[in-house]
Amino acid sequence: MRYIPNTDADCRQMLAAIGVRSVEDLFADIPRQVRVKGDLKLPPALSETDLMRHMRGLVAKDADVESYSSFLGAGAYNHFAPTITNHLILRGEFLTAYTPYQPEISQGTLQAIYEYQTLVCQLTGMEVANASMYEGGSALAEAVLMAHRATGREEVVVARTVHPEYRQVIRTYLAPLGIRIREVPYGAAGGTDLKLLRAAVTEQTACVAVQSPNFFGVVEEVAEAAAAAHAKGGLAVVAVAEPVSLGLLAPPGELGADIVVAEGQAFGNPISFGGPYLGFFATKERYVRSMPGRLVGQTEDRDGRVGYVLTLSTREQHIRREKATSNICTNEGLCALAATITLCALGKQGVREMALLNLRKAAYAKGKLAKAKGFALRFDGPTFNEFVVQAKRRPVRQILGALARKRMLAGVALDRFYPELRDCFLVCVTEQNRREEIDGLVKALGGGG
Amino acid sequence: MTNPEGLKYTREHEWIKVEGDKGRVGITHYAQDQLGDVVFVELPKKGRQLRQMEALGAVESVKAVSDLYCPVSGEVVEVNSALEQKPELINQDPYGQGWMIVVKVRNAKELTALMSAQQYTSFLAQGAK
Amino acid sequence: MSDHTVGTRGLVFNEPLIFDRSVPGRVAYSLPPSDVPEEKPERLIPRKFLRKEIAGFPEVSELDVVRHFTRLSQWNYGIDLGMYPLGSCTMKYNPRVNEDAARLPGFARAHPYQPEELSQGALQLMYELAEYLAQIAAMDAASLQPAAGAHGELTGMLLIRAYHVSKGNPRKKVLVPDSAHGTNPASSAICGYQVIPVKTGPRGSVEPQAVADVMDADVAGIMMTNPNTLGLFEENIVGVCQVVHAKGGQVYCDGANMNPMVGIAKMGAMGIDVLQYNLHKTFSTPHGGGGPGSGPVAMRAHLAPFMPVPVVGKRGARYALDYDRPHSIGKVRAFYGNFGMMVRAYAYIRTLGPDGLRRMAQTAVINANYLMSQLKGSYDLPYDRFCKHECVFSDAIQAKKDVHTLDIAKRLMDYGFHPPTIYFPLIVKGALMIEPTESESKETLDQFIAALKRIAAEAEEHPDLLHEAPQKPRVSRLNEVKAAREPNLRWRPGPARPAGGRGPK
C-alpha cells in the first residue's frame, strides 16, 4: 500500500526491537469483547485509476455552476478566483503544514495570516480581525455570544432578513445558555423594519444583529440599526454573506458596527456544495481579549528580525479551557490563504471592479425581469447582486424545475425559508454570468411565465 | 526572596498590606514567578464592592491566566493604572510598584483568616495546594 | 543511510508584507469587460451606502503575488518536507489524488441549493461516508455537519444535552479527565455545563472508582478520549461507561486518537454513545496551516433523532436531504458541512479499503512503540506500558541540567524535524507527545531516534547548544511576551519596518 512504507519485514524488525512477537501483543490491553472480528464491511481498495473513475462516475449526472447557467446565491456565491490561487495553495509547504505553534518553522503561514487579518480589517472597516472562523453562520453565533459576554445581558435582537440558516445556528448555540432571541420582521421595501427594531431593543439587549446585503439582497440601514443598539447600551453585530459587496458598499465599521462577521467563500474558495467555507470575524481593539479564534501578531526574534507568532493565546481553549472565549481550535487556514491570495491578486482596483460588474449585471437582470410577463420584483429596496422575484402565474417550484431541465439554475425558492414568500425566488447575478445567459434566463422565464 | 513580614497572605497567593482602614493588594513573588512574564492584568473599576475571596480580575502571562481573589471584603478605592502600560512591574516589584488595588476594609476581623509571612512560607514549602 | 539533515535550501529570501510591495496602478487580476450598461453606482444605490476605494489595499502584479507567496512558503515546514511527530495530530501523508478528486467540477462547483435530483452523486458520497464512519465506530448513525473536531465536540455535547432534555432534565455537570484536550471543557462550558475534573490513575488510565466518586444524577455525562492523551488505551473504558450509564449519564468520546482503532476496536461496543472524528487527522485530509478540517460525529441510535439537519437519507435508489426531524438540535453551521473534506476522506477510505485501514492502524502502533522502546533509555517515560499510536516522554532527566522540553523541541528543528507536541497533556510535567503515524518509514524513524539521542547527549555535555536553538531557521526564539504586551495584529500604512534585524543569518 503506497501510503504505508513499512513492509512486513520492516515490521518484524521493529516488533523484535520492541520485544514482542506480533502486533497483537500491542493490542492486548483492549478487552476481547470490543475487538473488531474479521474485516470492516467496507468496499475493497481501489487503485488510483479506479478511484478517479469512480469519483467521476458519482458526479457524471450532477449539475454544477460551470456546466449549468447558475443564478444561485443565498450565502454561497459563484465568483472568479484567479488561477494562481489554486497553484499557490497546493504548494506542499502550505497544504501540508500544521497550525503554526512552532513559529520558527511556520513563518510562511504566520505572515500570510497577518496579511489576511489586515485585509479583513480593510474590507470591513474594523480595527482587528482573527485568523478565521468556520463559516458565516457559526461566526455570527459566536459574535452574538461575544456580545452577551461583553455586556452581561441575556437577550439579543436578530433581523429576520438575516440568512435563515444563520438564524438557525444562532438558536442552536444560544439554547443551552438560555439567552432569548427576539426576531424583527422586514418592511415593504425588503429591509428590516426600523421602527419595530427600535421598539425591540431594551436595556436587556446584548446586541442587534443584521445582515447587509440581507438574505433578499437588499442593502440594510446598518447605521440606523447600530444606533438603535447603542441607544440602549447594546452592541451592533453585522453579518456580510456576500463580501464582494464590500468592494463598493460602505463597510460596517464606518457605520457603527462593533463586531463584523462575514462568509468569506466568495473570495477564492469554490462553492463545493456548502463547504469548506471561511468565517471572517472582526471587531474593535477594545474587545480584542473577548474575541474567539486565533490571532497572529508581529514581533521580533532575539536578533531583532521581524517575525510573527500566535498571540493572546490565553483566551483560547488550550489555556483557558472552560473559561475560553470559544472552543475553536482548527479553523479554515487554507481557505483564509486562498482568500488572501485572491484579494491580493484582485487588489484595490480589482475588488472594486468586480463589485461594479456584479452590481451592473444584477441591475440589468433586474430591469429585464421586472418587465417579464407574469413576474415582478418583490421588494424595491436597493440591492447589490441578489434580488427577490415574485412569480404571479405559476408555482415557483414548477418554474425552477422546468428551467433546470434546460440547464438553467434560475434561483432559490423561498417557500422553505419564508412561507409568506412561497411565490418568490431569489436570483443572484455575478460577474460570471454573461449577458447572453441573463437574456436566456429572461427569455425562458418570460416564455413560460 | 523572603515573603515580607507585616503583610497577610491568601492561599491563592495574594498579599494585603493594611494601611489604616484600607488594604493594598497584590500578588506574591511565588505567583509572578509561576506565571512568567506578565502581559496583561484585568482589574476592577473603582467603586466595585467585593466579598472576601471573590474574584476581582485576572493576571495573564503568555502561557497562563490566573484569577485574582480579594483577600478581604470591601470597596475598591484605588486601582494601579501604571499596570496598563507596564504590566511587567508585577514581575519586577510584586510587593511595591506591582500593587494592584486598594480596598477599604469593611471588616478587620476577616484578616485573621489570612496567613502570616511565616505561615505562607510554610504553605509554599508544603506544596502550596 | 543517507544524510537527511538540514542543509541550506538553495536560496531563501527575506520578503516584506504584501502591502509594502504595493505600487499604485499595478494590477494582478483579469476580469471580463462589462457586457451590460455601465450604470453609475450612485444611480443604483443611494450614495450614503457607497464607499470610496479601500485605503491600503494591495496593488501588485501577478508575478509579485506568485513570488510573495512562494517565498513565504519557503519558510514553512510541511509533511511533504519531513516528519511531523505532533502527538494527537496524526500528521500523515496527504494524498494528492484526493485533491484532484475534490476539484472535480461536479464536487467543487456544486451549489448547496441546487436541485436534489441534480446532486445525487454528492448526496450519495455523503450518505456512504456517514455509513462508513458509523460502521468504523461500531455505531448506528453519523452527522457530517461539524466543521472541525471542536465543532464536533460541541455537537456531541448538544446531542447529549438534547437527550437529557427529552428525558425531562438537562442536568448540570460534565466529567472531564485531567488529561483531556482543552477543547473538551471549553465545549462543555458552551453547552452550559459545569466541568468536574476526574484525576487519571497511576497506570495512566481513568479508574471507574474515581468516576463513581463524582457521578450522580446531576451529571450529564463524561468526555473520554480513547486512546487517551498519554497514547494509552483506557483499559477501564467498559467499566467507566457502566458507572456513567448506571446513573443515566452519557459517554462522549473524543476521537482525535482514532488512528490506531480503525478496524481494531469497536468504540460503540465499549459503551461509548457518541464519538467525534477528525477527518484531517485519521482520514488524511490536509491540515493547511490550520484547517479546514471536518469533525463528523458518530452516535448510537438513541441519539440519532437529535442530529443536526439536514440528514442525507435514501429512499429506494434516491438520495434526499431530510429536514423533517422534529427533535433535531437545529444546525451548528450553515449548509451541510465541510463537503470538500468529505470528498477527500471518502477517497482515502475507498483507496485503503478494509485491509488498508487495518494495516494503517497496526503500523501506526508498531511505529510508535518502536520509538518508545528505542528512546526510553534517553528520556524519562512516565508510563511504561505499550502505547498505541503515540507515546509521551518528559524532560525530567534533562531538567537536571537545566535543559527543558522547549529547548529539546527547538533543537530538533536544527536536525530537520518538526518538534512533537510539547507541554501537553498537562498531567505530565514537561511533556513531549510523539506520534509518528504509519506514513513514516523505519529509516525516518531511525533518523528521528538518532537525533533525539544526540540531543540527549548534548543536554549532558553542551546544554548551551539547546538554549541557543534553533540555529538553522531564518528566525529564532521569537519574543512572545512582546507580542502579547504590545499587540500588533495588522499592518497599517507608514514607513516599512526593515525585515533584516541585526545582521545576516
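For clarity, chains are labelled A, B and C in written order, and residue numbers in each chain start from 1.
Just so we're on the same page, contacts are C-beta pairs under 8 Å (C-beta built on N, C-alpha and C of every residue); 3 or more make two chains touch, one makes a residue touch a chain.
These figures come from a predicted structure and were not determined experimentally.
A.B. asks: With chain centres defined as mean CA positions, report which chain is farthest from subunit A.
C.D. replies: B
A.B. asks: Count the C-beta pairs in contact for A-C and for B-C, then report the pair with the higher count.
C.D. replies: A-C
A.B. asks: How far is the middle of subunit A from the middle of subunit B, if each middle is the mean of its Cα atoms, in Å?
C.D. replies: 45
A.B. asks: How many angstrom lie between the centres of subunit A and subunit C, each centre taken as the mean Cα position?
C.D. replies: Taking the mean C-alpha position of each chain, the two centres sit 20 Å apart.
A.B. asks: Between subunit B and subunit C, what is the separation of their C-alpha centroids in Å?
C.D. replies: Roughly 38 Å separates the two chain centres.
A.B. asks: Could you check subunit A for residues that touch two or more other chains and list them?
C.D. replies: 314, 319-320, 323 - these are the residues of subunit A that touch more than one other chain.
A.B. asks: If a residue has to touch 2 or more other chains to count, which residues of subunit B qualify?
C.D. replies: In subunit B, 40, 60-63 touch at least two other chains.
A.B. asks: Going by the touch rule set out above, which residues of subunit C reach two or more other chains?
C.D. replies: 480, 484, in rising order.
A.B. asks: For subunit C, which residues count as touching subunit B in their complex?
C.D. replies: Touching subunit B: residues 423, 480-481, 484-485 of subunit C.
A.B. asks: In their complex, what parts of subunit B are in touch with subunit A?
C.D. replies: Against subunit A, the touching part of subunit B is residues 40, 42, 60-65.
A.B. asks: Which residues of subunit A touch subunit B in the complex?
C.D. replies: 289, 313-314, 319-320, 323
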